[in-house]
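Below are structures written as structure tokens.
In the two complexes below, chain A is the common chain; its partner is chain B in one and chain C in the other.
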Partner chain A sequence: MPTPRKKIGLIILGGTVLSEESSDKNAVIVKNDIKPWLAKMPEINIMADIEPIFILGEKDNEPDLNHWIKLGKIIAGRLNEFDGFVVTHHVHSLLPGACALSFMLQNLSRPVVFTGSQIPLMLSKKNINKKILKKYKGLGIKANLINALQIAIQGPSEVSIMFGNKLVRANQAHITKNLSLNLFDAPAKAVLATIDFGIKISEHNQTEKKDALILNANFDDNVSVVDFNSEQNVDYLKWVLEKKPSGIIIQTHNPESALELLDKLIPDSYDMPILIYTDIPYANSGNASYILIDRMTFEATLMKLKWALGQTKNRKKIAVLMKENIASELLEGEE
Partner chain B sequence: MKIYFFGPTTEISNYNNAYQQILEQLTKAGLQAFSKTESGYVTPISEEKMAEIQAAGESVLNHVDGIVIEATAPDSEVGYLLAHAILQKKPTLCLYQKGAQIKKTLSHLGQNIPPFIIAKPYQKSDLEAIIAEYINLFGIDPEYNDVPNIKFTLRISQKISHYLHWKTHNTKKTKADFLREMIQEIIENDDKYKKYIVSHKNK
Partner chain C sequence: MDVKNIILLIVAGLNLILSLLVYSKNTKNIINVAYGSVILSVGIWSYGIAMFRYSDNVITALLWARTYYIAAALIALFFLIFSIHFPYKSFILSKIKSLLIILPFIVVVIIIFIPDMMIGKISINIPTNVVTLQSSYTIYTMYFLSYMAISFYYLTKKYASSQGIHAIQLKYTLNATATATFFGATFNLILPMLGNYKLIWLGPYFTLITFAYVSYYLFFNKHRI
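Up next is the complex of A and B:
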């Protein structure tokens, strides 16, 4: 009996450059480029029926929260039409975008796989020498797209990122610093699959049966980030406090010292949520006025706070939400 | 030549014998064929090399010379492997028995089936001939594949002679065996040459 072909929604938000040579002629810049772009990869038609959905082109601005909300609504609205979704995305903003989606779409019953090209569009415009072109060789989207499509066909059903030979959970991923095919990495338990001759989905990440999808696309984008990692910039913090954002994240390697400073600067009547984000695990905030975050990636923390502020403005409720494992975003500590 | 063989594990009890026959024929034809077993892969690629490939984020398929697929049982991995084979221009043989959907799958490429992809119906009796045809894609005449029947006289220095004697003394290898194996290894690791052979054959 013939097996029905899988149907995959291919949603485009940049990240489409195919090859390092003539990058501007090998990408989706406007919607009409999709057909010739797909025609350059006939091999993907073997894998599934692919329906492209255009949101942003290569020359448009970086995708932002409004684009990600639109993306989430498209996926939620057309969930039952497809077996899975692949999202091509500008690489610079891919991580927060994928994190936002993981909070927006809960109980996801289809794989949503983010991928893209590491080759910048302007590569062909500059006077690029052969050495630079060689550096970008193989960093185009084709192999990533083939792998991402296969993940969209066979799972796991969650928001993930596929680059090189690694599939990672989006809200536990971090970007690697070098120009490598594996652009993103994650702790071992958040590596959902690896690729050798085929795709090996980790046993602990096999797809489970889930309840109905919950789309919660309410976000509050008015969040400020203050970086105390290199120095405690008090003037900047004062300026931010005067602006009255809905929430603040303070990044610091030294949470205790930051807390001391905040106690002096911030009056008790101040009721906006202030997160202390640190990479020091098991730090002790010792102060209920601030929410200490030490078990999430920065991108997940930022997008989760924006999402939590979209659910409630109550500081205590936000503190509870931030500590709750909403979309498997909490990094597991050493046992 | 390193050849990755894939046979879907769905309905494996129906096809296991066929997979074994194909692997045997590939080996008989002088190819280093390997496939996934219950315990993983026993590949001709060294563990160190595999670790290097994984760390670099590369596709392991880049490091094989060709792919053979038994595509009778439907499996999404067949399309996946074919897509990579086309992207990487890997000589690929798709074998299938009556009732398989592979021709239909390939029809999604339109008129663009590349010359390095061969799809063939087969029976046990014609496997040898089909594999011989596949080997042609590598630019090697199967009749002469790895058979050292060309006489080649080579002048060498005392130093090389001394080394060859030392290297092969008390081993079962002759000096000629040692040199042939070295050259074979160089050929297998020479990606430029392999690409040249495939493109030359496809012209």
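Up next is the complex of A and C:
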């Protein structure tokens, strides 16, 4: 008996530019562009039945939390109609978007693969020399989309990112180097598949989740980020505190000195969650007032805090949620 | 055993190791299985030629001649399957299409096994044993060349429209296989058809180019992408 063709939902939120030449004519700007755009890649129709779903075009603003919530609701609502989903996304906001989705959709039973193009829409219109144009060669969406579709047909049931020859877990991914084929990388255990000749899905990522999908699309977007990495900008922190956001993330390479400063600046009565984010593993904050995050990517931390604030405003409960491994986002050794 | 045969055995061994590596990278993927089978067939082909040249009687020489002709036919078959699927499907391979691909291979195997149909008289003169090829060798030649030509057509067609990682993959594959195919076909297919059987040891040597390219691609290049 012939194997039935797989059905894939192709959700568009930008990131659709095909090539560096005539980039504006090789992308989805409005919904009506989808058909001619797909016609330029006849290969993908051989792989599966593709149903495009349009959310954002190439000229629209960068996707934000509202678009990601809409995306999550579409996937949750139409989960049983498709064997997998591919999301094309503007590349600059792809990582937080994919992280948001990983917290929103728990017990996912279908692959959701993010991919995109690194070529800006108006590249060919700009007066740039051939040398720069050459840097964008091969960075269009076509190869990424074909690979993402192959992953969506057979890949791991979670939110992932496909660029170059690597499929990585979205909430453990980081950007490597702009304008490189493998734009995203992740720790070894979060590399879900690699491509040498064919696509190889890592053995430990092949188990299917069986519980029912949980859609939890409550987020609180009112989170401020204060960067202490280069200098401790106290005035800026004070200004942020006055604005009373729902949560604050302080990025620092030196958690100890940041904690000392916060102890001086912030009164005990202050009850909003304050996260100290450091990329250097740090044993103990020694201070229960702040939540130390040292084994999560920054994008995952930011989106997880927004998601956690959507579940509760209680600082202690948020601290528990931030330490909990909700969607396999904690880097190795944290569980 | 002469130096040429020893090199043939080394080539066979290297291809055997490489085929196992390609298989082990992903035994479930048809691309890896097909390409691993191409390399394994190359190894058997090389080994078969060495053993044929080393045979001191007609019976064992005939056995090894059949072995390397079947191995070469398998190279063309697996390479065609590989080219249809790599790096993505050129078309859906239905049961009828699969049958149409396998059928000529079966015909060629039958021709190889029917006495005096393709492989005629074998002259023993170690290490320059010679097969007198019969007229049906033309069918074998056509089978091999057309399968390889179709395979390269699929690969170059995909390469022309590819970008990113696919362009890199296809470039490596085309570079790795085109030279080896050209020289392999020249020394082991065309020249024997024209009556020169003395250079059959040379064809497998060019598969070292494939070996070098594929090894580099698998173990070094991926870190540079």
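Everything that follows uses one rule, which is that the second predicted complex is superposed on the first by the 329 of 335 C-alpha atoms of A that agree within 3 Å, B and C clash if a C-alpha of one lies under 4 Å from a C-alpha of the other, contacts with A are read in each partner's own complex, and residues count from 1 in each chain.
The rule is simple: contacts are C-beta pairs under 8 Å (C-beta built on N, C-alpha and C of every residue); 3 or more make two chains touch, one makes a residue touch a chain.
The structure presented is a predicted model; accordingly, all values stated were derived computationally and were not measured.
The superposition on chain A brings chain B into a clash with chain C. Using the contact criterion defined above for the overlaid structures, shared-chain residue A:I153 touches chain B, although it does not reach chain C.
In the superposed model, A:G140 lies in contact with chain C only, and not with chain B.
By the touch criterion stated above, A:K6 is placed in contact with chain B alone, chain C being left untouched.
In the superposition on chain A, A:F197 makes contact with both chain B and chain C.
In the superposition on chain A, A:N165 makes contact with both chain B and chain C.
Contact with neither chain B nor chain C is seen for A:P120 once the two complexes are overlaid on the shared chain.
By the touch criterion defined above, A:N45 lies against chain B but remains apart from chain C after alignment on the C-alpha atoms of chain A. Within the superposed three-chain model, A:L181 lies in touch with chain B and with chain C [touch as defined at top]. Of the two partner chains placed by superposition, A:G72 touches none, neither chain B nor chain C.
None of the stretches 20-28, 56-64 or 128-136 of chain C clash with chain B in the superposition except 20-28.
Shared contact residues of chain A with chain B and chain C: 2, 43, 46-47, 138, 142-143, 146, 150, 164-165, 180-182, 194-199. Only residues 22, 25-26, 29-32, 35, 85-92, 94-95, 162-169, 217-218, 222, 225 of chain C touch chain A when the two sit together in their complex. Those residues of chain A lying in contact with chain B across their complex are 2-3, 6, 41-48, 138, 142-143, 146, 149-150, 153-154, 163-166, 180-183, 194-199. Of all residues in chain A, those touching chain C in their complex are 2, 19, 43, 46-47, 137-140, 142-144, 146-147, 150, 164-165, 180-182, 194-200. Residue ranges on chain B touching chain A, taken from their complex, read 4, 6, 36, 41, 50, 53-61, 74, 76-77, 79-84, 86-87, 101, 104-106, 108-110, 112.
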